[in-house]
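Paired with subunit B in one complex and with subunit C in the other, subunit A is shared by the two complexes that follow.
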Partner chain A sequence: MRVSTSSAVEREPSPTTAAEPTNVLIVGVGGQGVITVSKVLAQLCLQNKLKVKQSEIHGMAKRGGAVFSHVRFGREVYSPTIPLGQADILLALEWAEGLRWLPYLNPETGTFISDTQQIIPPFSCRNRKRGATSNYVFRSVEQVKQHVPNSYAVDATGMAEGLGNPRAANTVLLGMLSTALDFSVDDWQAIIAQSVPPKTVEVNRQAFLLGREWIQSDAHKEEREQVEVAKPPPAPVVDDVVIDLEITEAWCKGCDICVKMCPERCLALNSSEIVELANPDACTACRLCEWLCPDFAIAVHVHKKETAIA
Partner chain B sequence: MNKGTGSIARIHEARTTTPRIDPEIKSLMGNEAIARGAWEAGVKVGAAYPGTPSTEIMESLGTYPAEDLDAQWSTNEKVSLDVAIGASLAGVRAMCAMKHVGLNVASDSLMSQSYIGVNGGLVLVVCDDPGMHSSQNEQDTRLFGQFAMVPVLEPSDAQEAKDFTKLAFELSEKFDTPVIVRSTTRLSHCRSPVVVGEREQIESRGFRDSPAKHVALPTNARVRHPIVLERERKLKEYLNTSDLVRWEPGSDELGVITLSTCYTYVREVIPEASVLKLGVSYPLAEDVIRRFCDSVERVIVVEELEPFIERELRAMGIEVEGKKYFPRVGELSPENLREGLHKAGIISELPKTTDLGIEPVARPPVLCAGCSHAGTYMVLRTAGARVMGDIGCYTLGAIEPLKAMDACVSMGASIGMAVGMAKAGATDKPVVATIGDSTFLHAGIPALIDAVYNNVNITVLLLDNQTVAMTGGQDHAGTGRTLRGDETHRVDFEKVIRAIGVKWVKTVDSYDIGSLYQTYREATQYDGVAVVISNRPCALDPVKIKGTPFYVRSEGCTACQACMNLACPAISWSDELFDGHHKVKINQTTCIGCSMCAQVCPTDCIQLSETGTA
Partner chain C sequence: MTEASMHTFEIRDYLRQELMPHFMCPGCGHGIALRALLWAIYELDIDKDRLAIVSGIGCSGRVGAYIDANTMHVTHGRPLAYATGLKLARPDLEVIVITGDGDCLAIGGNHLIHACRRNLNFTCLMLNNEVYGMTGGQVSPTTTVDRFTTTTPLGNHEPGFDSCKLAAAAGAGLVGREITLQVPALKNLIKEGINHPGFAFLEIISDCTEIYGRKNQLGESPEMMLSQKASTRSDVYRNTVDQPFRPNAFETGVLARNDRAEYADNYRKHVEKTMDVLKSGD
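And then the complex of A and B:
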C-alpha cells in the first residue's frame, strides 16, 4: 500500500517502498480530535488487512497542549513512531502545530495538509509589558511552499461551518487526506459513519466529499491558490517610556491589597508597613494597584522618555 | 559457533505458520492487549490505582464480563498488590497494574512476596514512562525486578503484550514467583492489530495451608531465600530454550542485543544486523547471550534508560558497547538510535529534514478552562504561603502565572513535608499543604494523622474535585462509584478528617474566590492543624460542565490582565489595546462559565454572555 498516484496530491512512488510502511503524522491541539482522526485511519488500515501501528501520547492535563499521533501502515511495521524526515503526509488540524512537525515530513516527497485555523495559547500572551506581541509563530503559505512544494493550506473549519457544523472540519481534512491514499471512498465513509455521533453522519459524509473535491477538482484550483493564513496583529506602537509610581505614604494603611494583587509581584511593604515599588524593572504600568487601592494612595505615571524626570 | 542456531524458537514464525481458522484480529492499544491477555489467561481478580501510562489496563479489564472476573480500583498501588496477593493465595490468577512510581509504593509487599511465591498466578504490570510524558521521574523497573528477584517480561508490541501477559501467569505458577510484565508509554499507548484468542477456563487451585511458606517470619524467610536463588537459576535455564528469547540472524559483523520497543527501532534503523531480542530482562538467558556474542564481531546493546543489560553482560565478562552511543535519559527513538549508530561508525549518513528554522509556539499543558484548582492557587499566590504540593493536575499550579507551589515530591508527600517545614520553624509565611481527593486517600491520611499527633501548626487544603482527574477521570473511594460504575459507599472526607482529630475543618466552594480567601486566612490564623476542603467537581469528569460563557465588555477593559493570573486557557489577548497593553477576550466555546475571572476583574467588564450581548 502506497500513496496513490492517481490522486491530485501527487507523489512519485519510490522503487524501494514496497516493504516500507506508509507514514501519516496527524497533529493538532488537545481537544481538537487528533486521536479520533487517527483512529479512523488506523481502523481503515485494519479493515484492509494491513499491519498498522498508531502511537500517541496522552496523560497530564493535555487539554490545550500539543497533541500528535503517528500512524504507520504497510506489510510490516516496526517502530511505532515515524522516524524524523520520513512522514509521507503531515496532516495538521492547527497551523502552528503543522509548522512544528515539518521536520518529520519527508523533505523530497512529503505532502503537507493543514487547516489554517490558529489556536493561540494563553502561554504566548504572558508578556504584560507595553507594546508586547504574542509569540505565536507566523509563516505564510507561500513561505511554507518554498520548503514543501506539496503543501495544501485550507480553511477546513470555514468549509465545515458552511455545511452547518464547524466540528466536521476534521472530516473535511480526512476527505483531503483520502485523495493521497489508496482506500476506497466507501470504506472511508463507512468508518467515518461509525466514528461520529449518529446525528452528524450526513454532515460528515458531505464534509468528506467536500474535502476530496476541493483537492481534486479543477473548479477549486483558484481557491486552492488563494488560501492564506491570518496574519498576527501588528505590534502595538508605543513610545519609550519611564514608569513612575507615586505613593502617598500618609494615605497608605498597609492593607497590602496591591502587594497581593500585583501580577508581576513588584510591590512590597517596607519596615513601616508602607507599600513601596520593590522591583521597578518588573513593573509594566498595568495600573492594577492604582485601581485597587481603597485609599487612592497609588498613582501610576507613564512619562515619555525625553520628558521624563531623571 | 553457528549463528542463528535452529534451537532458538521464533515466536513470529510460530505465529505465522500455525494454521488458524479465521483468527480474530482486533485493533488494541498496548494496555488493552495486556488486559486481553489477562482475560484470556483466566484472571479472576484485578486491582489497580490509576497512573499514566498504565490506567487503561484496569479500565479495559473492567469491560470484560463481571461473571469472568473482578476488576477494582484500589486506594493505592500497595493495596492493589495486596489484593492480588490475597487472591493468588486463595488459588486464583490475579493481577495488579501500576505506573513505575506506583511500584515504589507497592514494593514493600513485593519484596517479601518474592520469598513467599504464589498459589494462583500473580502478575504485576508495571508501566515505565521514559521521557516523563506524565511522571515525576523516569526510574527503570528492570532494576526493581532484579532487586526483588522477580522475573521481568518485556513485550515489544501489542501482540506480544497480550501473549507475554498470558505467558506470565503460566511462568508465575510454574516457577512459584510473582512476575512483572513491563511496559513503557510507547507500548501502552500504541494501537496495533492483535490476534486474539478465547478465555482459558482455569479452576481455582483452592487455598493451600502452608504457613511456613506464607507467613513472612524470620525463621520462614531464612528458609525461603535460598529457594528464591534456586528459582533464579531455574529461570535462567528455562530462558535458554524459551520462545521469549529470539535470535534473528543477520550480519556477522554486527550483533544487537535489545528488548521491548527498542527492538522495533532496531529493526527499523538497521535491518541488516543480527539481533538477539530478549523477551525477559531479568534474569538473563546467559548461554544464548554468550553464543550470540561469540557469533558476531561487534556487540551493541540497545536499551532505554539505564545500562541494565550492558552492565550485566560486562559482569559476565562479555565485551559490549551501548550507552556510550545512546542516551541514558529520555525515550529511545529511531532518531537517537540512528545518531548513536552514526557515532559508532555503523551508519554513514543521517537523513535530511525540512527545516524552516522556526521556534514553534510553546504549548505546555495547562489547567482546563473552569478548573476548580485555579482559584485555590490564585488565593495561595495572592495571600502568600509556603506551599507543599502533591501529585495531580494541580501540580500545574507551580508554573506561571499561578506559581504558587514551592515543592512537590511524590504521592501524599505534601502533608508530611509541611509537618517538617513547620517543625523546622524556618518559614516566613504560613505553611500549607495542597492535596487532591484521591491523593489524600492514597497516602495523605497517615501524614495527616502524623500532623495531628505531633501537634504542628499547618494548613491543609484538600482539593476535592471528586475524581482522579489527571489520569482521565477515574473513580475512587471518595466518589461513591466502583470501577464498573456501581454505587458504593462514599468516603465522607470531613468525617474522616474530624475522626483523625483535626478540630478546625471547613468546606468551601472552589469557585468563590472571596470565601476561599477568607477561609484560608482564618485557617492560617488557627494555631494547629486546619483543613480547608474545596469541593467543586472537575470541569471534565465525570460530567463535562458547560455553563453560559462570560464575555469581556471591551470598552470597560483596562488591559490590567488580572484575569489572566488565573491561567485560564479560555482567556487571551484581543486585538484591541488600552494604553499600549492588550485588552483580553474570552473564547465562547471553551469558557464553561465558572465566573472566577469576573470575580477578579477590577472594572467589572467581564459579564455573562446572555445578559450582555443579547
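And then the complex of A and C:
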C-alpha cells in the first residue's frame, strides 16, 4: 500500500506481491454508492489477476440506512471479512459512519478517508422531548486526527456538486482511494466507465481526477488542512412552554385508542375506564391522542410560559 | 386558557356541544373522520353559514348532526340527490355530503354513479366501515369476503366493491382514499377534495369495532386501525421498491383526477344559449 503524499506510512512490497491481503473497508449509508465503489475496486483487482473477496451488508438499509462493504485482495485471500483493527484503508462516504467503523482500521498504518457530509438518520432522534439533543455523533476533524494520523476529511459531496452532480461524490472518494493503491489511472477510469450509468460517464471521469488530484497535488495542501465538519446545532431552548392536556371525562368512552397509540405511553385508563394522564412528564405534545380521539375528549394546549415575574 | 396559548384548531367551535357526547360506539372511526373534516373546514376558513352538510341514514348519516352548521339529514341513500338539488339552487354554498358504504353504494349506488357523471362541484365523504352498523350489522357492498356479519353467519361470499375505481370510471372529478389513522393526511385529502372544482369522491376507511370487529375477532379499535394501516399503501410509496411487498394493498391518497367541465357551469352556459335563441326568435 502506498499513500502518495505521506512517506511515513509507505509499506512495501505492493499488493500484487505482498503475502498479506490488502484490506479496504468502504462504509456509508444507503443510496450513496458504497456497493458501486466496492464493485469497481473488486473488478479492478480481478483485472489485475489478484484474488479478491468482497462481502457486504445491504438491502435492509433502504435509503439512509447503514451500508458497508469489505474488499480484500492480494495473492491469496481466505476470509471474506476484515478482522478488527486490520483494515488498511477505511473509505467513508458519510462522516458518522466513518467514525463508527474506526475500530476496524489498523491503528498504526491505516488510512482514513471520509466525506464530511452528515446524513442524520431519524433514529438518532429517539428522544422526542423538546430540547432533547440528537444521538448523532459529532467529532471534529482534529479529534479524529489525534487517533488516526493518516486521515483525510474532505467535502466530496461539495466537490461533486461543483461538477454538477452530487451523486458523483463516491467517485471523488474513489479518486482519493486510488492514490493509496498502485493501479493505473487508465484501469480505474475504464472500470468506472463500465460501472456507472452511460449518461454520467463524463462527470464520473472528472470526479475521479478531481479526487485524485486533491490528495496528490500540493496546490490543495492548504485546502486539505482547512476541511471542517459541521458543528452540532445549539441546544434548543427548553422550558418555554407548558403542555396542558385537557380531558373531558364526560365525553370519554374508554376506547383505549389514545392509550395504545401514545408514542410516549403517558396515558392510561383509570378504574372507571376513563382516560387520565398517568405520566405527564413524558408528554411531548405530539397531539396524536387529540387527533385520534373519536369522542373529542382530549385537547392538547401548548401555552407559552409567562416570562415576566409578577 | 391564557392569552399566551397558541392559536390552533379548537374542534368545540364547530360542534353542537349540547348533543355531545355523540351516540357512536367507543372506538368508532367516524369520530376521527369528523375531526378531520372539521379541521379541513377550519383550515380552509369556510364560514359556517356558507357550509351545508347533507347526510344520509346510518351511523355515518348521524355524523353530520353534530356539526354546528347548516345540516340536512335526508332519506336513505339519497344525500347525493339532495345535494345536487341544493348545489344547483344555491351555488354559493359549500356542500359536503357525508354518507356510508351501505348508504352510498347499495341503496344510493345509482345516485353515486350519476353524481360522478354530472360532476357538480361538491364533496362526498364515504365513511367505509364495511358493515351496516346502526341496523345491527348486516352485510354491505364493501364487506370483505369470508367475514361474518348478522346476515352472513357462515361468512360473506360476495366480492366487495372497490368504490374508488367505480367513482373514477363513472367520471368523478377527484377520487381519493385515506384511513382514519392518518389524521393530517386525511385532513389534507378532504381539503383537496373541497378545493377541487368538480365532484370529489373520498373514501374514508373507518372501523366498526363493536359489531364488525367483534364478530370477526379483529380486536379493539387500535388493532383494527393498525391493521388498516398495514393493508393500505400510501401514494408516496407508489412505484417504489415497496411495490412487490404489498401488491394487493388498497392505495391511499389521491387516486384519480379528471379535470373536465363542471355541471353548473355547463348548465348556466346552456341557459344563456337558450335565452339567446328565445330572444332572437322574438
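Quick note on the criterion: the second predicted complex is superposed on the first by the 227 of 310 C-alpha atoms of A that agree within 3 Å, B and C clash if a C-alpha of one lies under 4 Å from a C-alpha of the other, contacts with A are read in each partner's own complex, and residues count from 1 in each chain.
Operating definition for what follows: a contact is a pair of C-beta atoms (placed from the backbone, for glycine too) under 8 Å apart; a residue touches a chain by one contact, two chains touch by 3 or more.
Remember, predicted model here, so these are calculated numbers, not experimental data.
**Q** State whether A:L292 touches subunit B only (first), subunit C only (second), both chains, or neither.
**A** Once the two structures are laid over each other on A, A:L292 reaches both partners.
**Q** Once the shared chain is lined up, is A:M261 touching subunit B (first), subunit C (second), both, or neither of them?
**A** A:M261: touches subunit B and subunit C.
**Q** After lining up the shared chain so the two structures overlap, which partner does A:V27 touch, if you call subunit B first and subunit C second: first, second, both or neither?
**A** Neither partner.
**Q** With both structures superposed, pick whichever of subunit B and subunit C touches the larger number of subunit A residues.
**A** Ranking subunit B and subunit C by residues of subunit A touched puts B first.
**Q** Touching A:S124 in the superposition: subunit B (first), subunit C (second), both, neither?
**A** First partner only, subunit B.
**Q** Going by the contact rule set out at the top, does A:A250 touch subunit B (first), subunit C (second), both, or neither?
**A** So A:A250 only meets subunit C here.
**Q** Quick one: is A:V302 in contact with subunit B, with subunit C, with both, or with neither? Answer first, second, both or neither.
**A** both
**Q** Please identify the positions on subunit A that touch both subunit B and subunit C, taking each partner from its own complex.
**A** In subunit A, positions 62, 260-261, 291-292, 302 sit in both the subunit B and subunit C interfaces.
**Q** Using the touch rule from the top, collect the residues of subunit A that touch subunit C in their complex.
**A** Residues of subunit A touching subunit C: 62, 250-251, 253-257, 260-261, 291-297, 299, 301-306.
**Q** Which positions of subunit C touch subunit A when the two form their complex?
**A** Residues 1-2, 4-6, 8, 10-12, 15, 20-22, 24-32, 35, 180-181, 183-184, 209, 220-222, 225, 241.
**Q** Under the definition above, what is the set of subunit B residues touching subunit A in their complex?
**A** For subunit B paired with subunit A, touching residues are 25, 27, 52-53, 133-134, 157, 185-187, 189-193, 261, 263-265, 267-269, 333-335, 338, 351-356, 358-368, 382-384, 393, 396, 400-401, 469-472, 540, 558-562, 564-565, 567-569, 571-573, 575, 577, 579-582, 590, 602-603.
**Q** Could you list, by residue number, the parts of subunit A that touch subunit B in their complex?
**A** Its residues touching subunit B are 29-31, 39, 42-43, 46, 51-66, 77-81, 83-86, 96-97, 99-100, 102-105, 107-108, 110, 120-126, 128, 130-132, 134-137, 139, 143-144, 147-148, 233, 236, 238, 260-261, 263, 284-288, 291-292, 302.
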